Amino acid sequence: MPEQATNGELQTVVAARRLVDAGSVFIGVGRPSTAALLARMVHNPELVLVYESGTIGAKPFHVPLSIGDGELAETADVVVSVPEMFNYWIGPGRIDVAFLGAAQVDRFANLNSTVIGDYEHPKTRLPGAGGAPEIAASCGEVVIVAPHTRRTFVSELDFVTTVGHGDGPGARERLGFRGRGPTAVITDLGVLEPDERTKELTLTAVHEGVTPEQVQEATGWELRVADDPRTTEPPSDEELSALRELTSR
Amino acid sequence: MAEVVSLQEGVAELVSDGDSVALEGFTHLIPFAAGHELLRQGRRELELIRMTPDLLYDQMIGLGAARRLVFSYGGNPGVGSLHRFRDAIENGWPHAIEIEEHSHAGMANRYAAGAAALPFAVMRGYAGTDLAAHTNVRTIECPFTGERLAAVPALTPDVAIVHAQEADRRGNVQLWGIPGVQKEALLAARRSLVTVERIVDELEPRPGGVVIPGWVIDAVAEAPKGSTPSYSLGITTRDNDFYRFWDEVSRDRDRFTAWMREHVLDA
Amino acid sequence: MAEVVSLQEGVAELVSDGDSVALEGFTHLIPFAAGHELLRQGRRELELIRMTPDLLYDQMIGLGAARRLVFSYGGNPGVGSLHRFRDAIENGWPHAIEIEEHSHAGMANRYAAGAAALPFAVMRGYAGTDLAAHTNVRTIECPFTGERLAAVPALTPDVAIVHAQEADRRGNVQLWGIPGVQKEALLAARRSLVTVERIVDELEPRPGGVVIPGWVIDAVAEAPKGSTPSYSLGITTRDNDFYRFWDEVSRDRDRFTAWMREHVLDA
Amino acid sequence: MPEQATNGELQTVVAARRLVDAGSVFIGVGRPSTAALLARMVHNPELVLVYESGTIGAKPFHVPLSIGDGELAETADVVVSVPEMFNYWIGPGRIDVAFLGAAQVDRFANLNSTVIGDYEHPKTRLPGAGGAPEIAASCGEVVIVAPHTRRTFVSELDFVTTVGHGDGPGARERLGFRGRGPTAVITDLGVLEPDERTKELTLTAVHEGVTPEQVQEATGWELRVADDPRTTEPPSDEELSALRELTSR
């Protein structure tokens, strides 16, 4: 019986569960990558991993540090150029699910990964857009994985790098986006999902031992809470030992 | 036919102060050796173009070689910040740099337009973001459907420098593994230099091999381990520890400067 | 995941009367077996799309399966005319067909736009020709330079059918040799069928191999010699004599019809 | 000593000589292909042959029947997709010389390969444009190889498939073309070259035993003739035996 999961582990396990029925997932590095590898191990061995470096159907044994690690190219079904990846694979919406992170998330799941502070004189210069704007516009759905703090969950983004649900209902349609946009934000405290009608992020699940009040405390706006938020199914022994085996490789 | 030259000759012949230079390689095959040679030759005022500045441009920016940076993702992949890149933008150290940033899709299409000698490329992107207001992108209407799309201007660097696994003596180049945007960058640029792990008598065709004929390349130079700490698939491996180590070294201006002097400038 | 089916099943499931169908393959890997199966199943009123109609569409047009033809070069490569194609356009035999013709560059860019799910592609072309007045092309202005370029509408066929050397049991396809526009045609189409020379347990990566994952293909069917009299590099060779022979057979309506009945319809 | 060259052989030999200094040549099938292979044999072993099928640097032993024969792919330095061929290689003008044929040629070396007669109700439906319009617009220069008859050399094209020098001086510049356009039309009677000033095709050389009058006779407009047209240098023994060896393979 493995010991109690950390909230970080729980976050990864919950993210992995989002991929049970996915055909393909687009992932960057870090926790999303770990979650996708875990999903292949325990839920969905046929899951196609796609990295923006051009590796389609990669089957890495180790969690890669970069999206371009050699193991990704060596194990991929196909390796394509970056123009082909964005033009032929991402843009047309061929990828079912995209995992994204961000430095700031707002109530409509829009993302900032560009700057903290003013663009011309930033307090903190972040890496920038990368593939996120087009990935979020076109992939079937977007799952956001982020640490739950007031620094991250802000009432207003300093910079809109990536559009989630814009200013609410109809925004994505007006922008001509192909994908359904963010369907969940998975944090170390719980899970937020957009309200069907208003598109505003709503707390639909908390991790074991976490209260909605704690989540509100860590959120920079008045957080909507579902009538009775579920408590996240704790990691099964299989999930947890698989995750620990994976990260120990 | 590409001239086979030494790295020093190739860089000296092709790159001048003030040039726009694209040293490409998407995580894989990043031309570190060529970039370091540029620094040793004291090139300044460069417009540095790269989708992912990565450690190489962090080093070049930190030593003050850049006037301007055109990019789409300025992070240390899987590790965190590029501290020299941040210090230049946040604090203007060692001097302020101008930036033009895009999305990956935008940069990739800009290179593709350059390779096709078209003035722009059409794509779906930038819509609804603040990026659109802070960079060089326009909207364009489809003459058939009326749909509004993004237009991005072609990238046509003065010089493109890429690294590949091998070349033959006539300058034909072969790379394999993640191909990134190297072919587009080479074909889009006015002048081009390819550094290679090894020069061989005959390119042996291989799975995933991207071959670029020598007659569209200006110069080829042998530079074994020329992409380290990035890698050349099948020949060197990515030095992930160095990417983590760089996070420490690059945090401190003095430590960075000392490290660059010892390991690059005086090397 | 592509379903591995018989040629009959694949064609029957995916193609209906009136569909727009692209059977691609640029000189190499032309899907003759699939085209012949379409004829045996009596499909009519098809919009046939192909850069080079070649003998395959000459046969389909001659048997009256085509309502419309979209193409860029309607010749018998190295031999001369496509007589059934000419007879349909010049004399409306067996019935008149509508045509839309482009240049190769135009067709290639139309497929590429379709594969990218863009409504159109920008290119340099058609300028000064009479083609521009007789086909579906517009001019578009570069929003950065003001330069006027050609815009061509995306091709998005109902069905794309291509032939490849091999597929694995999960429907992943590999072709090598001249790749033409097959990848673009497959990705641009709403539905897709790939016929292959052989089905293997494991695709063995090889030089020049273009791999298309099974999850973007609807059906894969084994069809050995399925591209003859065209060829599948490394497995069959182009039957140049047949291309010359076809010049005779196809000149005469009756001889053509008898030949098709004997060798295709009743085969 | 090989026997006297036919005019067809002479035409091929003269075409091959245009490639002595070329780095790369774009060719279709038939006589142009034979000429380019001959040039590699006797004049320019480094000559890069490019076929629109995507084969760059092909080194066929036999004269190919089609532009897509297997031997072309097997011997090429690089094989690219058709979109790449036109977008990255032809459009940017990377190819020095293009050999083109046509059913009709006019005095400004514009070409028709689409229809004889009216487009809607053609007397003869020809194959169509293929790659010619963009190849002629962008390659460094164009050399046209055609049989010299009044059916081919017409005062007015039934259809402008490919622009040579348009309506004369400045036409190519106005159309934004990159290449210099047609520099020669090589026929079985002689060689026509555009006048530097007027761009009108001018008879600058006749093959041995051919008179300017015969060429005029075979031309559908009042043909300009250079002050003293050269007589084509007859095929050398080396050229002729190489050509015959090549075509006998």
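Order of writing sets the chain letters: A, B, C and D. Residues in each chain are counted from 1.
Rule of thumb we're sticking to: a residue touches a chain if its C-beta (ideal position, glycine included) is under 8 Å from a C-beta of that chain, and two chains touch if they have at least 3 such contacts.
For clarity, every value in this text was computed on a predicted model and none was experimentally measured.
Chemist: Just to be sure I understand the contacts, which chains border both subunit D and subunit B?
Modeler: C
Chemist: Would you say A-C or A-B is joined by more C-beta pairs in contact?
Modeler: The greater number of contacts lies at A-B.
Chemist: Look at all chain centres (mean of CA atoms) and spot the one farthest from the centre of subunit D.
Modeler: Result for the farthest chain: A.
Chemist: With chain centres taken as the means of their Cα atoms, state the distance from subunit A to subunit C in Å.
Modeler: 40
Chemist: Could you put a whole-Å number on the gap between the CA centroids of subunit A and subunit B?
Modeler: The answer is 28 Å.
Chemist: Could you tell me the distance, in whole angstrom, between the mean C-alpha positions of subunit A and subunit D?
Modeler: Centre separation, subunit A to subunit D: 58 Å.
Chemist: Among all residues of subunit B, which ones touch two or more of the remaining chains?
Modeler: 117-118, 123-124, 147, 183-184, 208, in rising order.
Chemist: Residues of subunit A touching 2+ other chains?
Modeler: 87, 91, 178 - these are the residues of subunit A that touch more than one other chain.
Chemist: Pick one for the touching-chains graph, please: line, ring, star, complete, other.
Modeler: Contact pattern: none of line, ring, star or complete.
Chemist: Please list, in label order, each pair of chains that touches.
Modeler: Inter-chain contacts occur between A-B, A-C, B-C, B-D, C-D.
Chemist: Could you pull out which subunit A residues touch subunit B in their complex?
Modeler: Of all residues in subunit A, those touching subunit B are 29-30, 52-55, 64-70, 72-74, 79-83, 85-87, 90-91, 114, 119, 122-134, 137-138, 159-163, 166, 171, 175-178.
Chemist: Within the complex, which stretch of subunit B touches subunit C?
Modeler: 117-124, 136, 138-140, 142-145, 147, 149, 151, 153, 205-209
Chemist: Any idea which subunit A residues touch subunit C in the complex?
Modeler: 23-24, 46, 48, 56-57, 77-78, 87-88, 91-94, 178
Chemist: Can you list the residues on subunit B that touch subunit D in the complex?
Modeler: 1, 115-118, 172, 183-184, 187, 211-213, 215-216
Chemist: Hey, which residues of subunit B end up touching subunit A in the complex?
Modeler: 26-28, 51-52, 71-75, 77-79, 81-82, 85-86, 89-90, 101-105, 108-109, 111-112, 123-131, 134, 147-148, 177-181, 183-184, 208, 231, 233, 237-238, 240, 243
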